[in-house]
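Each of the next two complexes has subunit A plus one other chain: subunit B in the first, subunit C in the second.
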Partner chain A sequence: MFKYDYYRAGTLDEVSEILARHQGKARIVAGGTDIMVQIREKDKRWEDLECLLDLTFLESELRYIREEGNQIHIGALSTHTDLERSEIIKKWIPFLGKAASTVGSPQIRNRGTIGGSICNASPAADPLTPLIALEAKVVIHGKAGEREMGLKEFYLSQGKVDLNEDEFLKEFVVEKLPEGAVTEFVKLGRRKALAISRLNVSVVLMLDKEGSISYARIAPGCIFRTPDRVETAEELLIGKKPSEELWKEAGKEVSDEMIRRTGIRWSTEYKQPAVEAIVEDALAQAAEMIG
Partner chain B sequence: MAQGKEENYNVIHKSKPRIDGVEKVTGRALYAADMYMEGMLYAGVLRSPYSSAKVTKINTDKAKAIEGVEAVVTYADLRKKKSWAGYMYLTDHIRYAGDCVAMVAAQSKSLVDDALAAIEVEYEELPGVYTIDDALSEGAPLVHEEYEKNIFTDSMFHIRKGDVEKGFEQADVILEREYRTQYIEHSYIEPEAVLAYMDPNSGLMTVQASAQNPFFTRRYVSDILGIPLNKVRMIQAILGGTFGGKEEGIGLVTARAAYLCYQTKKPVKFVFTREDSFLESAKRHPFRLRYKIGATKEGKIVAFEGEQVDNCGAYNNQTQFMNWRANVHSSGPYEIENVKTDTYGVFTNNIHSGAMRGYSSPSLIFGQEQLIEELAEELNMDEIELRKINCLKDGSITATGVPVEYVILQDVMEQTVEQTDYTRKHAEYKKQTDGRKRKGIGLAICYRGCGLGAESPDASGCMMIANEDGSVSIASGLAENGQGLKTAYAQIAAEALGVRYENIQFPQLDSFAIADSGMTVASRGTVMGAQSVRKAGEKLKKIMIKNALELRAFSLENTGLTYDDLTEEDVELKDAVFFLKKHPEVKVDFASVTNTCIWTGKQMAAYEWFMPEDLPQDHATGQGKAFPTFAYGCVVAEVEVDMRTGYVDLKKVTASHDVGRAINPALIKGQIYGGIVMGQGYGIMEDVAPKKGRVKNRNFDSYILPTSMDAPKMDINIFESGDPTGTYGAKSIGEPATEAVAAAIANAVYNATGRRVRENPCDLETVLLGKKLG
Partner chain C sequence: MEKIKVNFTVNKKPVTVEVNPNERLLDVLRDTLRLTGTKEGCAVGECGACTVILDGKAVTSCLVPIGAVEGREVVTIEGVGADGKLDPIQEAILENHALQCGFCTPGFVMSAKALLDENPDATKEEIRRAISGNLCRCTGYEQLTIAIYEAAQQLKEAQKAQI
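Right after this comes the complex of A and B.
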């Protein structure tokens, strides 16, 4: 059994102070839906854990979803349920709410937070792909103040994000999508609830007056070492009219990109056709929303 | 309910509320893990991470030095390392990644954890075998020296009926197929738990354990301590599910707790973590089924040959029973003149396989009910028609060479086919050639020998006591496992004795209250086990009527009768009232008679033993009557398959079962609902998938079960056959409820996709690619 201390921080600065004091051997607990499980499983990453730092008492500082001009700010302590129910998200970036609604079970969604999910850095995290599609920025709080960087750069590798010893994730900032843009999130799991994504994908589409695609984002999950959009697939859509054939081409481009980046692996035989299918689904369903 | 002649029952044949329902749904039921005693210790075990190894060195000094750690016991300390059933309490010869080398007792759970971490063990890894094919291959390492080629010879059974060579000569079509099934976990909500405590004066060791078969578990305690059985008091704790799983594993846990209690002279509580439970509880046997079937072009099956091999894992004392049943049912619910099958288990360095709801049948039916459809396709014949021609009917001769009676299988199937619009849907779905999501409908029929049959004695005992206030206590050698046994027994006891359901109390089994009546397994509880309850009730009824007459309890004024005119035949006891059959107005309450009895020293208790008919079978040919009777069923599954991801969405299941007589229709439905979802897990997503003997899926985050969101719409039909064999005509339902579901799903997937899944389950990869990935 790992033995560690338990701290509550009263202010954001105190969080950084405690983190700094433990030099990488403190871990933040937000909802606890990942960390508590990992500690119970004696995950080697936490062998030297000195303390768990509980942020749940900083709700007024860190749990919010708000509009600021053209931006949406999402506090790191916002739960999946918060995302699922937010009118702001529903209005401007609905696929993030949908992705959050597919996480775990109601109990897990009530506890698990968006900040925790992203800092746990699982490539299968459902809210990850909409945020990548939106080119979200993260705001990081440290002893020296705050810094901002792209989520894509923030996610270093499975289980690892770009935080210094004194730093923690404070919020996500995303630009509102242009009026008329539609979004979709599609997930493939082994069952209808409490399912970890086998594959997932987030897409954004917008048409110009002529009905040609003027804006596209495609961010697949679970297939790359670090989350990313597939810009070649997006480019392929621009200027073209929505069609089943076009979605097929985009799906193919995504699976080609997967193989280019990760090579042929034991699971490729399945992932290749399946990822094509869900990319096509997501694009087709998004296009349908445009009508 | 269909069929079934109406009988005038007072208590049975009615959906009485569960006797233990309120305490369970309100969370007030006390499970073994909820129990607490002052000064009790907690226990834990250290497991080998290797699946085949020798321990070369073990050092417990550091663990023993930890304050609060009160016992550290290794294999070297145990006089008896090997349990009576073959499994190891502790061992230095590792045969699977789950074998234990040491156990500890300490003042807290975290100290247990610290102590286990402080034990230093060195292993020498040895080569191992994991699959059936590997175990049987030339020169494979032996899991047990005494079993050549890893074949568990005690589990070998044969059917030799007719002459298959001749049979195949008559066949116009001969088909050979291989099917395989996987390891799955029981997934009961409550992991294994026990509290052991000792009376220091008498030396009586009491264990309260989540044991499916309390007497079976008691044997482990006596075995490890080397004390007589009457020095062990076993009280069954309320069970949070078992499904066949709390047999060997809980025996080991209970024995270890008792041993640590004996060593420390303090109460010891041992509660498995979910991971412990995954690592040490038995799993469903994976089978490799090779079948050859021959039929005439008219659709008459003339020969059947089969080899059924199951993976026993590292230890076993159930595979022989498993395989005996598999042998009896090896050619499915069909009458075939020439049958030759061999069934045997092989040892491997995996977690042991054991009893699980359905025993071997879910695996066999997965193969057999696909085989029959593959044959129909070869014959260019309707698969329902082929089943009709060959399925068991009244007077049919089974694979073990005896006729069967009260067979309503064909009716059950035909009604289910009609109700589900199977024929139209099947034909229509078969034509689907495009479309992302395709529909499929699939059917499977089944039959199941009720109770233990010739496998082992199906005898049981019941003690019934009427108290002075008219309340009635019963004790049975069979145990409540969550299936509703107490409720069914209370109904049967009340019916047989002639009192009200509410009059009966039936506490948890106590080994000092009743004699060992064998295991609560094989769906035998109601059909066979309750026979002794009925007998005890009927006997006590006679005694109480005699008492009522001897006590002159009736007021005979105005009847013109005297007590000299009355015999026991003239009196009836029903609904807790004695009355004269010819003068029903002359009556007296049960409670007033019992009250007089206690002060006059009258007998108010009966103990009865039920012994079923003898079922002799020939070992070499498997011929002879195997079971007193069979239960028949038909399951139709409707699916929607995503052709591009392989996702199987189970939309609807219609399950029709011949239950003989429905003792409690609501509980029967409950059993069937659960059985369907369990079958869904087996058929679509569950797989323990050990890698080189190591179980990686050790909790429900990675071991995928159907959730309530996945459960299909379910339609249930209860059939009553009028067969008088079982208690009040009841038949088995616990296992029939789940056994044919996976086969029906596989047939539905084929109907939708045109792809045969011959290796269970129909998971994403297998359905899309037609093979297991990796």
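Right after this comes the complex of A and C.
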């Protein structure tokens, strides 16, 4: 059993002070749905843990989902249940709500937060791909104040995000999608509940007046070292009319890109057809919503 | 590692505990408060046996650091039902033979109660979703779904009768 202290902070600045004082040996806890499991499983990363710093008493500072002009701001302490139920998310970026609704179980969604999910930096985090598709920005709070950067750049590698010792993730900022855009999230897990994604994908589609695709986003999860869109697959859709053939081409381009970036691996035999199929499904389901 | 003092309410009673900071809500419920109705199964949030209601929401108490419940309200299986009577959810589980070994049952009851407290009109589909974080390895889920649905109907009728 690891031994560590437990602290709460009264203000955002105090969070940074405590983090700085412990020089990397304090870890933030919010819902605890990842860190408590890692501690229980004696994950070597936490052998030297000096304290858990609980953010859940900073709800008024960090738990919100609000519209500000053309942007949506999502506080890091928003739970997956909050995202799933948010009318703002349902209206403007529904695939983020759908992705959140597939996380773990009701108990996990009631505790787990979007900030924790991203900072745990699992490539299989469900809310990750919608945020990547939306080119989300993250706002980071530290002793020197706040800084903003792209989520894509924030995610450095599995288990590692771009935070200095005194810093923590405060919120996500996304631009609203253009009017008429539809979104879809499709996940492949080993069972219905409590499944960690084997693969997932988030897509956005929009048609122009002539019924040709004018806007496309495809962000697959679990296949790259760091999360990303597949812009070549998006470009392939632009200017064309929706068709099964076209979805197949886009799926093929995503799997080709996977192999270009990560090479042929032991899992490729499975991942190649599977990723093609979920990209096709997601695009077809999104296109159906346009009607 | 200094002990910490945590004040919260369990089943509407205020309690203060002085415990190690690395204890979980589950440890404190079972070992300090001797409320052993809450079970420890997997200890990693996957089985739901340790489900309790924290500020109105079902949570797995194995993943809650004890410090996080300061000032909050916890309801455990010992806190459902009133005046020496079982909760309608428990009655319906007995009625429908929805348990065998019983180890998962408290967790199911708490998940079901969190759902029905919030949404007494829950459909069977909503019930299935609400108990999707609870594992049962002997009875299966159909009897539980039926039992919880029946309990919901009874609760609604009881509410109507009151009005």
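Please note the rule applied: the second predicted complex is superposed on the first by the 291 of 291 C-alpha atoms of A that agree within 3 Å, B and C clash if a C-alpha of one lies under 4 Å from a C-alpha of the other, contacts with A are read in each partner's own complex, and residues count from 1 in each chain.
Note that in this section contacts are C-beta pairs under 8 Å (C-beta built on N, C-alpha and C of every residue); 3 or more make two chains touch, one makes a residue touch a chain.
Fair warning: this is a prediction, and the values are worked out from it, not measured in the lab.
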Quiz item: Which partner does A:L188 reach: the first (subunit B), the second (subunit C), both, or neither?
Solution: first
Quiz item: Is A:L52 touching the first partner subunit B, the second partner subunit C, both, or neither of them?
Solution: second
Quiz item: Just subunit B (first), just subunit C (second), both, or neither: which does A:S122 touch?
Solution: neither
Quiz item: If you stack the two complexes on chain A, which partner ends up touching A:V37: first (subunit B), second (subunit C), both, or neither?
Solution: both
Quiz prompt | subunit B versus subunit C as contact partner of A:N164, first or second or both or neither | solution = neither
Self-check item: subunit B versus subunit C as contact partner of A:A277, first or second or both or neither
Solution: first
Practice problem: Mind telling me which of the two, subunit B or subunit C, contacts the most residues of subunit A? | Solution: C
Quiz item: Of the partners subunit B and subunit C, which touch A:R198 in the superposed model: first, second, both, neither?
Solution: first
Practice problem: Applying the touch criterion given at the start, work out whether A:E269 contacts subunit B, subunit C, both or neither, answering first, second, both or neither. | Solution: first
Quiz prompt | Overlapping contact positions on subunit A, where the subunit C interface meets the subunit B interface | solution = 1, 3, 37, 105, 192-194
Practice problem: Would you mind writing out the residues of subunit A in touch with subunit B in their complex? | Solution: 1, 3, 37, 105, 188, 190-196, 198, 266-267, 269-270, 273-274, 276-278
Quiz item: In their complex, what parts of subunit A are in touch with subunit C?
Solution: 1-6, 8, 29, 31-33, 36-37, 39-41, 51-52, 54, 56-57, 81, 104-108, 110-111, 192-194
Exercise. Show which residues of subunit B lie in contact with subunit A when the two form their complex.
Key: 110, 113-114, 117, 642, 644-647, 685, 701, 704-710, 763-765, 768-769, 773-774
Quiz item: For the complex, which residues does subunit C have touching subunit A?
Solution: 1-2, 4, 20-22, 24, 43-46, 48, 51, 54, 57-60, 62-68, 70, 111, 114, 129-130, 132-134
